[in-house]
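Pasting a structure below so you can have a look.
Chain naming follows the written order as A, B, C and D, and within any one chain the residues start at number 1.
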């Protein structure tokens, strides 16, 4: 019971973690390269959500220092996640370019078929 | 392809989108936003432009060299700004003591932050457009040194 | 075997993560360890230190400007990588 | 104005700036090549300066933007960082030279140079980072650039290999970011020194958080450094890259992640953790498995570059083994091995690349008698192979000796035996190449040695192998100091 209560108070962390596992599951079980890429993005998003959730403080406002606001959320996670998002975008863009090339060379987006085609030629 | 409605609506919308992007850029140190978000909005407007109008026309106006130039220039301004601190005897990328900070809360304040935001805006919009162009052309069979 | 292994891996990760979540500092706690470190300085001094009232802009472009230089570099790498990959084929030495 | 204290950041910034300029001048390739080599040379000079400074007056700390820790980002250039920077800058300059003068293998040359410069900048950034998020950012730059310099080759196989590498690398990055999030959650700091202090009070309260963070960090950096069960991307990626990329990736990049892991270990986590948690045992077992598996897989390869790639898996195992044995001599052996393996593997990949470029033969079964046509190149390959096996008189002997003695110091005789066995195994997989090349029937007569400028890096690396084999004392003070950082 105590465990469930803790999980309920930390529900935002829990959701992020569940999202992470969903992304990982998709990554492991799906064969389509685009789906794998989406799974990667889901995982990254889960981590970003988790990181931003760390910065929340009860009753805090966005950290813009305007008069009249006393309590702010922690600005560090938000600042770091900006960097994280840009990195994730870069990875996705490059991966999409590689997917375009893979489709051009192999004519399929199924990872098993690609391995099969490559394997036949090699060995 | 030639679609009158799309073109007219776009002509109307584009200035406002870009103005909003500029607003985000210039208010990066005052409100949520900054170089990456503002640059992304402007970059998106350029993508919209090239989707609506004929791609060749856009390429004529904003070809690959231009976007490469914007990216490299943005990054070089960033790196160069760091050297200003070195020049005044401080460490790399120093703001306080090197740049005039102004009055916090006003538009022309925060020294280096504003300059870097604008440089990043130019860089990010160039990056987004050139990623779009590259991926669009990558599907075709033409090869050659860019 | 090929179906069971991913499930086992996921179950292991999931259990570990759920247990970790239960142990984590309470969500929204104003005095959680994450807020005891460097946060106060940023919130109190950023306007004076950097001239920006947006603390996040102050952090990414002044206190941690070196990270953001890296971030801009990552984007640059991505564009170069996409360009080089898409134009890479065709030449064979 | 430009005092020595600025040297660490200038290394990274010089490389970044050159990388930004090179694509702009792509119409003028002579200028681009000049900039490329010039930047490499400046960085070598700066690395030497930094090394001398660190040896003379101890750790250099550079606060970027005048914000010292914990608020800003600090570069912490200790003996380990200076050593790693020196190795990275010198070896990568030799590879730059090779890339500029060897026949071109990629279409978009200026972009390729820029990517390599960015990769080098990221490697210097990683080894000098004192802030964990800064380290993460540079790890990302290097991961992306490392994949890109494989994909530039543009063949079917290289695209497939680089996609797999990219996906696994992105997974690893996710793991690393998650572990940083977990550590930030219980410390509130990002500077590694301050995190360690904060951990001392909060780790007891949130042990599972720390454990999960550690697990994700080992997985994240393990994928990138090809630690044994996570190495599956490496053989294809390194075998299908352009020659210069293969050398850079196998010789330096994988090891930089090991260095990053060790720096996190002694700066952030504290080496006590290796004894409290079963981390040391896990790493020892994985390293031993890597050595065995890498060697065994290398034996069955016919493709020369794949053979070298599998050998890298085994050699990364050696480095992990030395670090996790945690005795003074084992750690020194691992630190030596970072340099010596970089020299050997760079030499082998470059020389084999030369053979492939000149003859078109990629397999051991094809190189019959080729040594008669390319005597110098095959002399270099032979020397590199002998050093890999660990014949006394070559550099490879020194690091293996230290590792074996370190294993005996730790009372784990089995690992000393393992090192001996794996030396035998490496003899089994390197000698067929040499024997076929020297004693096969005569090869096609139109194969020639490459130009002088291409042979020069091979000769320099070969001389380095002999030099360190006969006189290992040159970098000894630096290695000793580095080992002290880890074992104290």
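Criterion: contacts are C-beta pairs under 8 Å (C-beta built on N, C-alpha and C of every residue); 3 or more make two chains touch, one makes a residue touch a chain.
As the structure is a prediction and not an experimental result, all values here were calculated from the model.
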item	value
Contact-richer chain pair [A-D vs A-C]	A-C
Rounded Å distance, subunit A centre to subunit D centre (Cα mean)	28
Centre distance in Å when subunit A and subunit C are each reduced to the mean of their C-alpha atoms	10
Chain centre separation (subunit C, subunit D; CA means) in Å	25
Centre-of-Cα separation between subunit D and subunit B, whole angstrom	36
Junction residues of subunit C - those touching two or more other chains	17, 20, 23-24, 32, 34-35, 38-39, 42, 47, 53-54, 56, 60, 62, 64-71, 73-78, 81-83, 85-87, 89-90
Residues of subunit D whose C-beta touches two or more other chains	16, 20, 23, 64-65, 107-108, 111, 133, 137, 140, 144, 147-148, 151, 154, 159, 162, 184-185, 190
Overlap residues in subunit A, where contacts from two or more other chains coincide	20, 54, 64-66, 76-77, 80, 82-83, 86-87, 90-91, 93-94, 97-98, 100-101
Category of the chain touch graph - line, ring, star, complete, other	complete
Residue ranges of subunit D touching subunit C (in the complex, touch as defined)	16, 19-20, 23, 64-65, 67, 70-73, 103-108, 111-112, 114-115, 118, 121-122, 125, 133-134, 137-138, 140-141, 144-145, 147-148, 151-155, 159, 162, 182, 184-190, 194, 198, 202, 206-209, 211-212, 215, 357
Footprint of subunit A on subunit C - complex, ascending	6, 9-10, 13-14, 17-18, 20-24, 26-30, 32, 34-35, 38-39, 42-43, 46-47, 53-56, 59-60, 64, 67-68, 70-71, 74-75, 77-78, 81-82, 85-86, 89
Footprint of subunit D on subunit C - complex, ascending	16-17, 19-20, 23-25, 32-39, 41-42, 62-67, 69-71, 73-74, 76-78, 80-81, 83-85, 87-91, 93
Contact footprint of subunit A on subunit B as seen in their complex	30-32, 34, 36, 104-105, 131, 134-135, 138-139
Complex contacts: residues of subunit A adjacent to subunit C	3, 6-7, 9-14, 17, 20-21, 24-25, 28-29, 53-60, 63-66, 71-72, 74-80, 82-83, 86-87, 89-91, 93-94, 97-98, 100-101
